[in-house]
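Have a look at this one.
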Amino acid sequence: MTTTTLDFDTIKTQEYLVNMGPQHPSTHGVLRLVLKLEGEIVHNVDPVVGYIHSGIEKMCESLAYHQIPHLTDRMDYLSAHMNNEAVALCVENALQIEVPDRVKVIRTIMAELQRLASHQLWWCVMGMDMGALTTFFYGLRDRELILDIFEETCGARLTLNYSTPGGVMFDIHPNFQKRVKDFIKYFRAKLPEYNQLLSGNVIFRERTIGIGHLSQKDAIAWGVTGPSGRASGFACDVRKHHPYSAYDRVNFNEILRTEGDTYARYQARVDEMSESLDIIGQLIDNIPEGDHQVKMKGIIKLPEGEFYQRVETARGELGVFIVSDGKKNPYRVKFRSPGFSNLAALNHMSKGVKIADLVAIMSTLDLVIPDIDR
Amino acid sequence: MAFDIYDFTSLTSSIHEGLATFLPPVGVLVAEWLLVGISVLLFVAVFGLILVYLERKVCALFQQRLGPMRVGKWGLLQTVADFIKLLMKELITPNKADKFLYNLAPFIVIIVTFMAIAAIPFAKGLQAIDFDIGVLYVSAVASLGVIGILLAGWSSNNKYSLIGAMRSGAQIISYELSVGLSLITMIILAGSMQISEIIQAQSTGWFIFTGHIPAIIAFIVFLIAGTAETNRGPFDLAEAESELTAGFHTEYSGIKFAFFFLAEYVNLFIVSAMATVLFLGGWMPFHVGSFEGFNAVMDFVPPIFWFFGKVMFVIFVIMWFKWTFPRLRIDQILTLEWKYLLPINLLNILLMTLIVLMGWHF
Amino acid sequence: MNQTDIANYIGNLFPEAIISRGPQFPTIEIPPEKLITLCRKLRDDEQLAFDYLFCLSGVDMPDHMTVVYHLESTWNGHCAVVKTHTTDRKNPVIDSVNDIWPTAGFHEREAFDLLGIRFNNHPDLRRLFLDDSWGFPLRKDYTDPARIVER
Amino acid sequence: MKEIIRYLNDIIKGLCTLVKGMAVTGHYFFHPKLITTQQYPENRATLKMQERFRGEVIMPHDANNRHKCTGCGICEMNCPNGSIEIITRMIETPEGKKKKVIDKHIYHLGMCTLCNLCVKACPTGAIVMGQKFEHAVWDRSQLTKVLNQPGSEIMTDEKE
């Protein structure tokens, strides 16, 4: 009997390219990834963006300052309030206006609610990317309650346009405090459920622990901010290090982890949810009385110069860079969006992982495509 | 015609005799083939639709939703509407696809499920063929379905489909082992491979109760491996929609897609039916020792309801898996099989042999 | 270090840099040919240690193209702004800082895409959002009669 | 031996976490009262939007077909995307003075981002945000609306 032996030197394997996106269930929108694969192993990821580029920076150049926030709603639509707040704060700082305490506290509560809503959506989509479809509905169920609170006070659910230069659009609704407190109570009871379904699940842990490692040094060098950066140990919480609004008067922990893998990024966000609940809990009973808006001129003109404002959105650090030439329109507006820098590190993180891991890594970066494309 | 819901033997034999009165023996055979073929076809179509509806309702309930509610009362006709829609859809064949294999693949997948159903005993006497190697036959035929999946993935000329098919191939070939070994565990206990005899052996008590720990372990292993073999979540890597859009059936549309879809649910039924036959006593009613009154009440429920009740229970558990767990990665699936299920299974067979040899089972 | 310290420290090292105090950050203006040496110093110097580039923006000023780098030291907690500009509007070229801060790679591609600033030694300088036939929309002289409506 | 114990421990712990997850979903399966789905078109009658809900810009008219719009054009100026156009005309008041009044307040719903800036800027409170949210129409031209009703007049204070 002759035995045939496989001569592994003559068998040639070949890398091949796969276009993941722009229409793909787990690229969360119209992101396209050109994957270089060998079998299941990812060798290179080349993100191709721009499918939803809307030229917001160019549009801002022809808008007045109080009109800009409504465009930023459409950038990172899951942290619309933080985007609005960033522009409002930048204009206020440039004009050196001090907004009333009431505005600061309302903005902070709103920002934390928005962060919660964003993290809830992230959580359910994360579950869905990992194949657990049920989490999707549980996350959305809880997010709906926050959106109802938004609708009652801001009049909109997603594109709030609530923060305006000099204050907020409306005063809070009379029911606001009660509903927020109800929500905190409800959601504290629901958080263990999140842990039982995903965080503790052996399949989920096996799939995430040790995958997509990003060291602290790399996180800083690649500018990976937000919960993704903090999971690598990069202390980048703008709320803590450059406090704005009412963050200097609340006690909260900056969630820092050292592992830097997919599970750490997941856990950082879940921990941040309960941290956000804490922040809201501290503020909701102490909303100072006062105006919800400073008297502003009809046409806002910024002094000549360059102004930069950093805020912490749900995805990381958002920067608004306004160059003003003293006219009623900005000369140049640049948004340093968190997803943009986080995406840049994707290739670095996902060398040598499998396709399924790539989906998980992308999910923990929590990309919102209009935020990247702007 | 004598119709007895407790024993279909009289019904089938009376049909046989009735046919024999006016047909030659060959004609009787052909007529019976046709009859069985049509009833299996009807059963697959109707039960498939019911399962799709159930799946949607069950998953909706797990997810705090209502599920389909619009077509008919509680959306009962939703799957019928979906099926009509699928029938009317255009059949698309991608450019440069291997046309012959591409069109063949869905038929292989669906034909295999028909073949497996032939050996399933629905009630006493209601079984198309009672092979003396019935268990072997079902497990052999059920594993043929992977050929269809591989062909579909290969011939679609789509990289996603190919990855899905390759995953599916690796997965099903591995899990075939676990299914086979856990079946062997139960065959050792039953002492026969003939399905009717296995069920008869459980008339005093279902194997899951009489077989001690090894039977329970074999049941759990069979459930896991069976879920994996039907390509259902959390083992749905072949179609992993968040990674491969739809895996091996990405390019299929219309009735060909419907075949894959239907085959998945019929496979689910076959796996549940095998679990029922081997572990839960087939169509045998639930008896508790010497509680004569209780046993009589249990006997009053016809066997066919017992069978379908048990099958539905197993299907529900498998659905429960799917709608709770995240999907595994391909290397983890293989690790689970080769490092966990296989050694456990081998030990389990030894344990079962010991128990049977020592006569410790009930 | 506070703003004055940074300004003095860098002023001693790079006499050609124009350092001014801004409302938020100290601003260092540097000629483009000195940019890479300055950036390396900024990152590697232990006292400065600007290891985190949090924003890189190109600005089309009336007579020159400016690139603005916003830097932070995660170790010392101070920030600074580096600016460099080129008067060649037709073919602006500036050295890439991609190998100093990898995050600059994407931001520089964006600046190239929207303003047409070329970055020397960039490993992968392709257009990011728009296709190759497009103009450079963030330039002030960009016109697009089909899409931009003047009111 | 230690390895074997860890191996078995892994299996049992893993199974426990799986059962925990199944308990969560199982709980919802057996408590169908917790279902949160709303059957939307059926519950239209009971569906109530929040009072601040921004559905579309409307101009309320009173019983005598009068509105508050003076045609000043501030809303047009404040609109970021040009969805409001104000067309005015000159009329002569009974006292013989020339006066500018609104002829047409044109509102392009298709371009509107519902940012509320026009409503906030309106000095007379003539336009408000309506609560209608079902805006689907068959033709894009139907999304261009004239907010002041035909024949309507401006409210003057002395009437009240």
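Brief remarks on what is shown
Lettered A, B, C and D in written order, each chain numbered from 1.
Note that contacts are C-beta pairs under 8 Å (C-beta built on N, C-alpha and C of every residue); 3 or more make two chains touch, one makes a residue touch a chain.
Please read all numbers here as calculations on a predicted model, not as lab measurements.
Listed here as common contacts of chain A and chain C: no chain.
Among the chains, the centre nearest to the mean of all shown protein C-alpha atoms is found for A. The interface holding more C-beta pairs in contact, when A-D is weighed against B-D, is A-D.
In this assembly, B is the chain whose CA centroid lies farthest from the centroid of chain D.
Work out the mean CA point of chain A and of chain D, and you get 25 Å between them.
Remark: chain C and chain D have CA centroids separated by 41 Å (rounded to whole angstrom). Averaged C-alpha coordinates give centres for chain B and chain D that are 51 Å from one another. If you average the Cα atoms of chain B and of chain C, the two centres end up 64 Å apart.
Residue positions 134, 141, 197, 201, 203 of chain A are each in touch with at least two other chains.
Shared contact sites, meaning residues of chain D that touch two or more other chains, fall at 18, 21, 24-25, 36.
Touching two or more other chains at once are residues 62-65, 323-325 of chain B. Contacting chain pairs (ordered by label): A-B, A-C, A-D, B-D. Those residues of chain A that touch chain B in the shared complex are 16, 18, 24-26, 40, 127-134, 136-138, 141, 197-198, 201, 203-204, 206-207, 354-357, 359.
Put simply, chain D touches chain B in their complex at residues 11, 18, 21-22, 24-26, 28-29, 32, 34-37, 39. Interface residues of chain D facing chain A in the complex, by the touch rule stated above, are 13-15, 17-18, 20-21, 23-25, 36, 50, 52-54, 78, 80, 113-117, 120-121, 129. Against chain A, the residues of chain C that register as touching in their complex are 22-25, 27, 51-55, 57, 59-60, 68, 70, 74, 77, 81, 101-103, 105-107, 110, 114, 128-130, 137-138. Within the complex, the chain A residues that touch chain C are 49-50, 53, 55, 57-58, 93, 218, 220-223, 225, 234-236, 241, 305-308, 310, 317, 319, 321, 323, 331-332, 334, 336, 340-341, 343-345, 348, 373.
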